[in-house]
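Common to both upcoming complexes is subunit A, partnered first by subunit B, then by subunit C.
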Partner chain A sequence: MTRSRYWRNNLIGYSFIFFPFLVYVIFVLYPVFGTLQLSFTNWDGFERVKHFVGMANYVRMWKDPFFLKSLYHNLIWILIGTSLPIVIGLPLAVILWSGVKGFQVFRTIYFMPLVLSSVVVGIIWGWIYNPVFGIANEFLRMIGLNSLTRAWLGDTSTALPALIIAAAWQYYGFCVIIFLAGLQNVDISLIDAAKIDGANSLQRFFYVIVPQMRNVLTMIILYTLIGGFKVFDLVFVTTRGGPAGATELLATYLFKQAFQINYVGYAAAIAIVLAFFVIVVSVLFIRLRERIA
Partner chain B sequence: MVFTRQKVKKIITLMLVGMFILGLSFSMANAQKISVTIWDGFTEGASDRACEEIYASFEKLHPQVQILRQAVGTSEQMHPLIKPALSSGTGPDIINDLTAGGYWRHLAKAGLLLPLDTFYEEYGWNERIFPWSKPLTTLGGHVYGIADELEFIGVYYNQDIFKQMGLSVPNTYQEFLGVCEKLKSGGYIPIAFANQAKWPAYHQFSIFVNNLIGAEKTGEILFGNGRWDTPEVEKAIKLFFVDMYGKGYFIPGTNGVTYDDGNMLYYAGRAAMHITGTWLLGSIEEYVKDFETGFFYFPSIEGRPIAPPAGFGSAAFISSATARPEVAASILNYRYTESAARIWLGEGKRIAPISFDTTGLELSPLMSFVVQSLSDVVEKGFSMGYNIDIYAPTNFNLMQGDGFQAVMAGQKTPREQAADLQTEWEKAKEMGLIE
Partner chain C sequence: MKLKIAKMFCGLPRYVVVIIFAVVSLTPLIWVWSSALKTHMEIFINPFAPPSKLHIDNLTKAWNVGRFSKYTLNSVIITVPTAAGVIFLSSLAGYAFGKLQFYGRDILFYVSLFGLTLPFQAVMIPLYYLMLDIGIISTYPAVILPAIGFGLPFGTFMMRAFFKSIPTEVMDAARVDGCSDLQIFLKIMLPLALPAISTLAVLQSLWTWNELLIPLLFLQREELHPLTLGLMFFQGRYTQDYGLIFAGATIMSLPIVGFYLLLHRHFIKGITAGTIK
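Let's turn to the complex of A and B:
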């Protein structure tokens, strides 16, 4: 096929992908490269001239205790915040899938928190954890565990775990729905065969169902992993990174640097490192899963 | 009368033509008008209504001017928008922003705000507007704005609880602690201090610094060569954030409770006192129906004279990219006339930075007290202190917020916090954000 004929034949196809690609270039690639460019400057977001500072922002980052603390909090969030909704969501999905009465009702109830915006979730959980009138402390008092009552979001040792629980509550319903969709592809005959071979329900779950859900699990883990790096709204609404930086995450720290202190260049460097982490962790995870498979 | 199809057609055609002509003349009339866009943060009922009223009365006096006002929201919402809007030259003509953190200084340094020196001369603002408001909007020898919303910080208290428990307004810090102790043992939250947003701590710090070292020395730190890392400042931090916090006089878990929830606890009568600014007056008058609220300035510490923190909560600026600087200035000029100031006080529950007659305005006893305090300042030279955060740059305020939370959490000593504040102050000086 000559080159001109190739173009003639594929012109319509290219015209279809041209506009989405243009949108992608304008709204994704351009800002990404713009951010990368800014990360090598000390721009404050106002001055017309952007002074080049080389790798200074990146060097500064690794000496900045607040950045390192935020990164550490993100890692905790990713570890617990990723596993918690999956650990809750997968068994719930399997129970629903096994033919529980009221399947539709439960599915709707589980999914409902995801429909709420994170701001609303933050406000709701702010009330739940309120040390004066919150139901968390009221419940503990009701069952005689007064000693466990505390200011959940005001205490540096409990604020982060309390927020992770709120995030898991919002997100586990999504996991249930995706797992339910994935369970439709599970080969029932394999489960029946395992039953005949004498496998109990736990063994069937771990050795028959879970391996068949590998792709769905990968998708969910990746999704929550990336979500774990970019958490912002829930923290901003409930604690603003406090108390005393106990819930400061990379995204909230970045926001503070860019829009409150106006260290836009430094914030851009943090954004680039954040993106780098997401890409590296995602690639590593996919490679690892492929190797195990 | 019979409507034939032809008649109906004629009527519809006539109506359409009429509407077209009306629309055309309306849009032509509008096209001849000079539009001025204003962005402000007055989203709350009283101030929002007052702004609308003031601008409507301006438009009545100047029919050729059309004011397009947008209540954008808090500075957290406004700042990410205003930066690109002004930089691209498509922003509003007038900006009304919070003074806290001095965000305007960044805008002025980048040449995005118009110096108003000539308008100060032209309109006589130097005489009309309180001269002590000027340093707040001055940078590099130029004045860029008009500071607005004169505010004081003091203690609101539930008079019914005080009466019921036989308490009286304290005159000394020791008496104040005694009141707190009695309220606590009576099952009340003594102080509705809710510090999730971190900025409420700024005001407590301002009270203790001003009352301990006095307004003059505080001013020396803010405008001269004074320092934050001194034993007096350390003590100011310790008294409130270590001692009073340790005694349990605040809302439990104060660092996790929002300012609004703190207000609710006061409105509901669960907290007996609330140390905050006069900006809450409107809300207290609106929501508190079951008890009387009183107001006093935080009492003397160790026999030193009190200096209640005062300041201007917001300021109005003009964009350097505006195509109509004269019109924008004339709007600002109107905003700070007596008639507008009366609307601002009567309807908006806010105090303009000018002297004006309040006769005939229906003011609550609480508002009257605040207005009286202001006239004491103006006429009798009663010494007010500085509300530190409105004079301080953002990096300093962020250190205040995070640092005071850390002090309460026991992760930082008052000495370390005082040293960190000094470091941030020096950083801001290097960046040219402090004069």
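Let's turn to the complex of A and C:
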């Protein structure tokens, strides 16, 4: 390649990416550094001068019981919120894949809750969990378990799991779709061979299909992990972190710190920690995706 | 004949399982829609029965008194430019990263992937004060611009994969025929990329339509609220009037579900490609 050709190519390349990068830098990259900078200050959002406080915000976090509690709730969210949709989604995908009439219809239905706004999901589940006439309690009364009825979202011991179930309802269809895509690459001759060797359908599922789905499984888990750290909307529209902080998560906690009590510097530090968790998981995710593709 | 019946029974539990989950996914939604057509009394007395007669007062009241007409319009005003902006800019970047040779290309591509999973929380604080300082807070661009910025990583990623799959011979042939670089992009590559563009359009519109946090921060005037915020605050105002809240939820969800049913292939293809390919 001649020298002039080389510069010409660079010029063309950069002119194509100029505007996309401009928008990306202004609204995504640059503010990340802004957050990082704020996280070393004790700025309250009004003062003209931003006082540098070093690592104080980061140190404070690990002594802040509300922060630690929020982090703990995120970990629970990740644990249940990841396993539940997978435990439901994987067998369901295998059943659909093994030949069910109307396969397309079921796939379309399972995926449908995913297109709903979290506000709508919040309304639906707020109604299901309603203490007076919600179907959760209605159902318990019907089967004679009156003692178990409660205000699901108003009770500190049930609010978090109740929200996770609502999230899983919306999300499990996503797992079905991704598992179905992964199942296209499963070697059917191995399943036939296992059948001839006398493996029953459960054994075929656990010893032949699941091992071949390992990569897709890991990917879904990483994807849900990222989502589990970021979750905000559903909690914000239903309980806002309540009752008594029982559903407080990193994202809702930092929102309050930043915009309700104006501990801007501290909120920025929490945001950086949150981003750090997400980025670590994402790097694993992208590496894995490249290995598979 | 006997064999056929036996086979059917073997398959039966499978159908029971898939149908139960279909019911689990569908019922709550249908229940909200049908309750929007009930009177206040009916919702409490017969929560599970279908509406006795179609009662559209809730819907009209939400649309007019509840200002859902305004919120719907705002959602459209925000969604259309956001999706258009993401498509336009991602096509440019995706083409450059997928088909052009230039210095630092791969590094810049990784830099643009950085935003793929970045939580909005990591930028919202400085962005909020930036919008305040330059005085565009509580205007439509204050939502549209960051939403485009956050849509770009996925869009670029997807468009790059698509452009990469188009054989380079197509470009060479066009160049031989005397097309300039811009013409190759506009007249040859973009039309070829239409399937990917429509998938991206569908997904980006869905995400913007459902976006809560960005408008919550940057649109503080009620008359600019999109459906997400409108419905959220509406629910706070009319906590006891379930018929009205369900009407609002119906106005928000029915069009998007219709849109989904019409284009479900695009949704599923795009989501799958974004996750594992």
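By definition in this document, the second predicted complex is superposed on the first by the 254 of 293 C-alpha atoms of A that agree within 3 Å, B and C clash if a C-alpha of one lies under 4 Å from a C-alpha of the other, contacts with A are read in each partner's own complex, and residues count from 1 in each chain.
Everything below uses one rule, namely that a contact is a pair of C-beta atoms (placed from the backbone, for glycine too) under 8 Å apart; a residue touches a chain by one contact, two chains touch by 3 or more.
Keep in mind that this is a model prediction, so the values were computed, not measured.
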item	value
Which superposed partner A:Gly45 touches (first subunit B, second subunit C, both, neither)	both
Subunit B versus subunit C as contact partner of A:Arg107, first or second or both or neither	second
Touching partner for A:Pro20 - first (subunit B), second (subunit C), both, neither	second
Superposition-derived comparison: subunit B or subunit C, residues of subunit A touched	C
Partner chain(s) touched by A:Phe232 [first = subunit B, second = subunit C, both, neither]	second
Contacts of A:Asn10 with subunit B and subunit C, given as first, second, both or neither	second
First (subunit B), second (subunit C), both or neither touched by A:Ala159	first
Touching partner for A:Ala244 - first (subunit B), second (subunit C), both, neither	first
First (subunit B), second (subunit C), both or neither touched by A:Leu96	second
Subunit B versus subunit C as contact partner of A:Gly173, first or second or both or neither	second
Intersection of the subunit A residues that touch subunit B with those that touch subunit C	45, 259
Residue ranges of subunit C touching subunit A (in the complex, touch as defined)	14-15, 17-18, 21-22, 24-26, 28-29, 31-32, 44, 47-48, 85, 89-90, 92-93, 95-97, 100-103, 105, 108, 111-119, 121-130, 145-146, 148-150, 152-153, 156, 181, 185, 206, 209-210, 212-213, 216-217, 227-228, 231-232, 235, 242, 245-246, 249, 252-253, 256-257, 259-261, 264, 267-268, 271-272, 275-277
Residues on subunit B engaged by subunit A in the complex (per definition of touch)	76, 79-80, 83, 87, 101, 106-107, 109-112, 189, 196-198, 251-258, 261, 265, 270, 394-395, 398, 401-402, 405-406, 408-409, 411-412
Complex contact set, residues of subunit A against subunit C	9-10, 12-14, 16-17, 19-21, 23-24, 26-32, 34-35, 38, 45, 88, 91-92, 95-96, 98, 100, 106-120, 122-125, 127-128, 133, 135, 138, 169, 173-174, 177-178, 181-182, 216, 219-220, 223, 226, 229-230, 232-233, 236-237, 251, 254-255, 258-259, 264, 267-268, 271-272, 274-275, 278-279, 281-282, 285-286, 289, 292-293
Interface residues, subunit A side, partner subunit B - complex	44-48, 126, 129-132, 150-156, 159, 238-246, 256, 259-262
